[in-house]
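What follows is subunit A paired twice: with subunit B in the first complex and subunit C in the second.
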Partner chain A sequence: MAVSEYQVRPGPEGYLPPAAASMGVELPERGAALVEGRVVPEDDAFQAIAEKLLAARNPVFFPGPAVLWAWKDGVAEKARAVLRLMEVVGARAIPMPDYRPKYPMINPAVEINPNHPNLTIWHNRIDVGVFVGVHCHYANVALKIIRGGTDCYTIALCGEVGHEDAMITLRDVDVKKLERLTEAARALAAAGPPRTGVMPRVGTAV
Partner chain B sequence: MSKGLFRISPGFEDVMPAEYKELVTNGPYGRDLGVKDLGTFKELIEEHPLCAGCAEALALRLILASLPSPEDTVIVGSTGCSSLLFTQVAVQNIHSLFGNQNAVATGLKRALRLRFPDKVKDVVVIAGDGATVDIGLDMVMQSWFRRELITTIMLDNEVYANTGGQESGMSPQGAVLYMAPLGKKFPKVNLPEIAREAGCAYVATISPALPRRLGKVVRRAILVAREIGPSYVQVFCPCPTNFKWPSAQVLQKIRDRQKEGIFKVREYVSPEAEAYLAGLEVERQHDEQE
Partner chain C sequence: MTTQQVVAPEHLFFEAERERQFMTGSEAVREAIKRANVDMAISYPITPQSESMHLVGDIYAQGYLKEYFRGESEFAVMAAVAGAAMGGVRVFTATAGPGTLRAFEMFPTWAGARLPVVCAFMTRGVNSPLTIQPDTIEMAFLLDTGILMFHAENAQDLYDMILKAFVIAEQTDVHIPVGVFVDGFFVTHTREEVATAPADLKLPPYNPYSAPVPVMDMESVPVRQMRDPFVMKSNFISYAAHASWQQEILAAQERARKHVRRYLGGLLEAEHPEAAVLVVAAGTAVSQGREAVAAARREGLEVGLIKLKSLRPFPREEIRTLARQARALIVPEFNRVGWLAREIKSVVEDTTKVIDAPRVFGGMTMPPDLILAQIRRCCA
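And now, the complex of A and B:
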């Protein structure tokens, strides 16, 4: 597998940042994850996510329709697991209830919209944002816009194959994986400060 | 979407924006509501950017309140002023390429029938006069010839409003518009007549100045398209911005046109559609409430 030199780092990267895929960043295989464009073992990514969230000034989860709406069996459990993780890392949620490009404008204090996610990030000064339950096509668009126009550090907890346009992405995220991630965060929080707030200490990623 | 899918995951209720919560607790999904109930439930349409006094916006509000099963409806729209409003609407909707709306609706209806054979899914095209009678006429008529089970609603504002005022086939003869300074040389196209000849089982013309009647017409058109054949509703909603009318006068202008006999409320129901509607218990109940 070709290794890309391109790093998926916080922006602002300019009006139209390239899609990370077009720069050679490939999605991780099962059991692996991506940290800033590099494939790493999943446990390393858990650590990196926990560090980022615990060090953040204003960490915010952006739950999308697939987790906000209890539309099939199992979603309520997943939602509960997301809420537990948020509690452990001290994050709050600003929802993305649907994908309509609302005019004249959304209220950035209460929601985030994938067509202009920067409004919510700027308005609330969000330094770390977590996508969960956002369908892939809109997560891809929104993550690219965020990288283009803000310095927000993005994390995607993806139920499918991951998002190369997020700075950190997990794939196949289900309740079990959320619980493992929550445990990693709990352990790190218990270890107490100092928190780095800079690049995560992950083995193969750097 | 079905009503059962419309539940907020426990724990996230607090952060849901108010309008979504209201749709869940007091929306029209799964309830037998109509124009007469406006003001008592959370409407499917939010704040929108159409001009003050826009008759098309009022027509859409009434149409949305009249959908027999909003939770099982997909609206297919086309480019034009209405497309700016659909982004604020809590019904599944597809924005199609200008003029292609009836072709897209055809494919969608057929796919939904395969995917949900035991469910009724209403596919309703809502597009401007330019999209329906001019650029999309081929697709519109072919869908009628093929007897596709879809409802086509034209928002007849008598102009290409969204692109700044070109004349359309529905502009009245003599109309002088921002981008048609010489005045239109031929009369409005008689699309209702064409619809009937082309195989529509239900055809009606209506305006938002008659809200209850509009509600009834839309409902009947959608019900007929479930079983009998294609249906067509032409909603007269002239554009105050392009015709340079004060926004508060639009409804009066519509009424004046009706009085003068220039705009006529009409309804054609095929014998099969007539029998079908008569047999529908639900339709009867509605009629009684009118």
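And now, the complex of A and C:
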């Protein structure tokens, strides 16, 4: 496969899939986003995210420490904006307050990695996973493993420059962008058919 | 502290009026660090690097840095540098040859911990019997540690690359160390004109809160040590996490390409790239190559010069494209093993085009006539 043809699609992709950056996928510039490895206008990505979340049977947000802790001005507002988006799309959350490994051991039959102990790789039941407020390195480490071993559709709402290894990534995500995304989801939900087939709850609800 | 004005990197690099001064490579390091808004520098002496960090100590005394001290060994320095970077400060150090090898464990550790350390390597021989003379063999050992590697041809490059290294290293999508390499003595201990920006300007401070890993700020959450050794466990998920982690370091190198192009003007520079015979070099071998190319062109020979500025990331596609139309690529090097020729062979489609000569080592100089002889052979 030529480097330029690499697509970031839901897995399972294989035993050890490559980093998308090493396959030629480049992060978007300001005002753009990535959908499955292709650069698109940000508005298109809003629409794609809204569609994926509303169509999901079991959408789950993974809020990380950068949005769970009020460590600087504006973070609490951003957390509330994430919560509003989750409410509109009917998602649950598995909070990730830090990156401590899980002791004494990890069970790979039910856990994807020590940083995300409730995101399963075998017997996965999460069809759309959203990373928000996760430090970029830890998000990238997990996103590759998820693509390798599951069919989970991953979305990264990144406050920095985005993630090639997510199926959809936004960059520079702040309260304003979260509100725009929430509005896009609300409009789509109002226009579309009702959601069906919600899976049993997993993880910790908020 | 000395009062300086913070300016945008682009202004300091490309717009500020520059003054030409006659200085050594070691003094060029001092001038770069003066303008780099470095918080901390840690030193340990080893020839031919000692003078550069001595001069950085001088500007600490003048108020250009917040902290400066001497470590107990090169390993101790590189470990202390790691701690400083984890703590969220902009840090600089330098070493050379045997010092590089003594500290070696720390270089992949820096990369794995996503630390944007900038380190200057004034390369020298590492063989026995002991030599302090110029030799680039230590670069061969560092190619796969995960750090970015820039190679300066002269003192001007050294000044520019050190300053720009901080900005490239600290990009959120990169955030791995940068080694700025320069051939010891040939550059560190000789004088040339170097154009520098005004000394009352400096880079913006490092913002550790945009890092891809949490800064070790014990007053901000998450406060716990974030790099616990989960990879020490013996199960599939731990191995997968470790593998993904290593892939992520290589991905960070890939992401650096666009920043290297933006700030260094490309991973390589080409003079007469259309020529059928190309001299491809890095470091001071570029200068000898330039002399040889000029002499060859005076003889009517069609030859070009490719100067490699970045070795990690390696200009893979650029070299592959240049090699397609060339008949021969001559690779002069200052080391015994010919690591640059090996790197080039690993990316070109026809490896028989790569001439891994001339090579000198052990401190020998490289007369341009040696390269010219290779050019004549290839053009015959």
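Simple rule for what comes next: the second predicted complex is superposed on the first by the 170 of 206 C-alpha atoms of A that agree within 3 Å, B and C clash if a C-alpha of one lies under 4 Å from a C-alpha of the other, contacts with A are read in each partner's own complex, and residues count from 1 in each chain.
The rule we apply is simple: a contact is a pair of C-beta atoms (placed from the backbone, for glycine too) under 8 Å apart; a residue touches a chain by one contact, two chains touch by 3 or more.
Keep in mind that this is a model prediction, so the values were computed, not measured.
Asks: Which partner does A:P95 reach: the first (subunit B), the second (subunit C), both, or neither?
Replies: In the superposition, A:P95 contacts subunit B only.
Asks: For A:L27 in the superposed arrangement: first (subunit B), second (subunit C), both or neither?
Replies: Only subunit C is touched by A:L27; subunit B is not.
Asks: Figure out whether A:L16 sits in contact with subunit B (first) or subunit C (second), or with both, or with neither.
Replies: Touch partner of A:L16: subunit C, not subunit B.
Asks: In the superposed arrangement, does A:W69 touch subunit B (first), subunit C (second), both or neither?
Replies: Both partners, subunit B and subunit C.
Asks: Given the superposition on chain A, which partner contacts more residues in subunit A: subunit B or subunit C?
Replies: Touching more of subunit A: C.
Asks: According to the stated criteria, A:N140 is in contact with first (subunit B), second (subunit C), both, or neither; which is it?
Replies: It touches subunit C, and subunit B stays clear.
Asks: Determine where on subunit A the residues touched by subunit B overlap those touched by subunit C, and list them.
Replies: Correct list for subunit A: 69, 71-72, 97, 100-101, 111.
Asks: Show which residues of subunit C lie in contact with subunit A when the two form their complex.
Replies: So the residues of subunit C in touch with subunit A come to 114, 172-173, 175, 209-214, 220-222, 224, 226, 228-230, 233, 235-238, 240-241, 243-245, 247-248, 250-252, 254-255, 258.
Asks: Can you tell me which positions in subunit A touch subunit B when the two form their complex?
Replies: 63, 67-72, 75-76, 78-80, 83, 92-95, 97, 100-104, 107, 110-111
Asks: Under the definition above, what is the set of subunit B residues touching subunit A in their complex?
Replies: 5-12, 15-18, 20, 46-49, 84, 87-89
Asks: Subunit C touches which residues of subunit A in the complex?
Replies: Residue positions touching the partner: 16, 18-22, 26-27, 65, 69, 71-72, 97-101, 105-106, 108, 111-115, 121, 135-138, 140-142, 144-145, 148-149, 160-162, 164.
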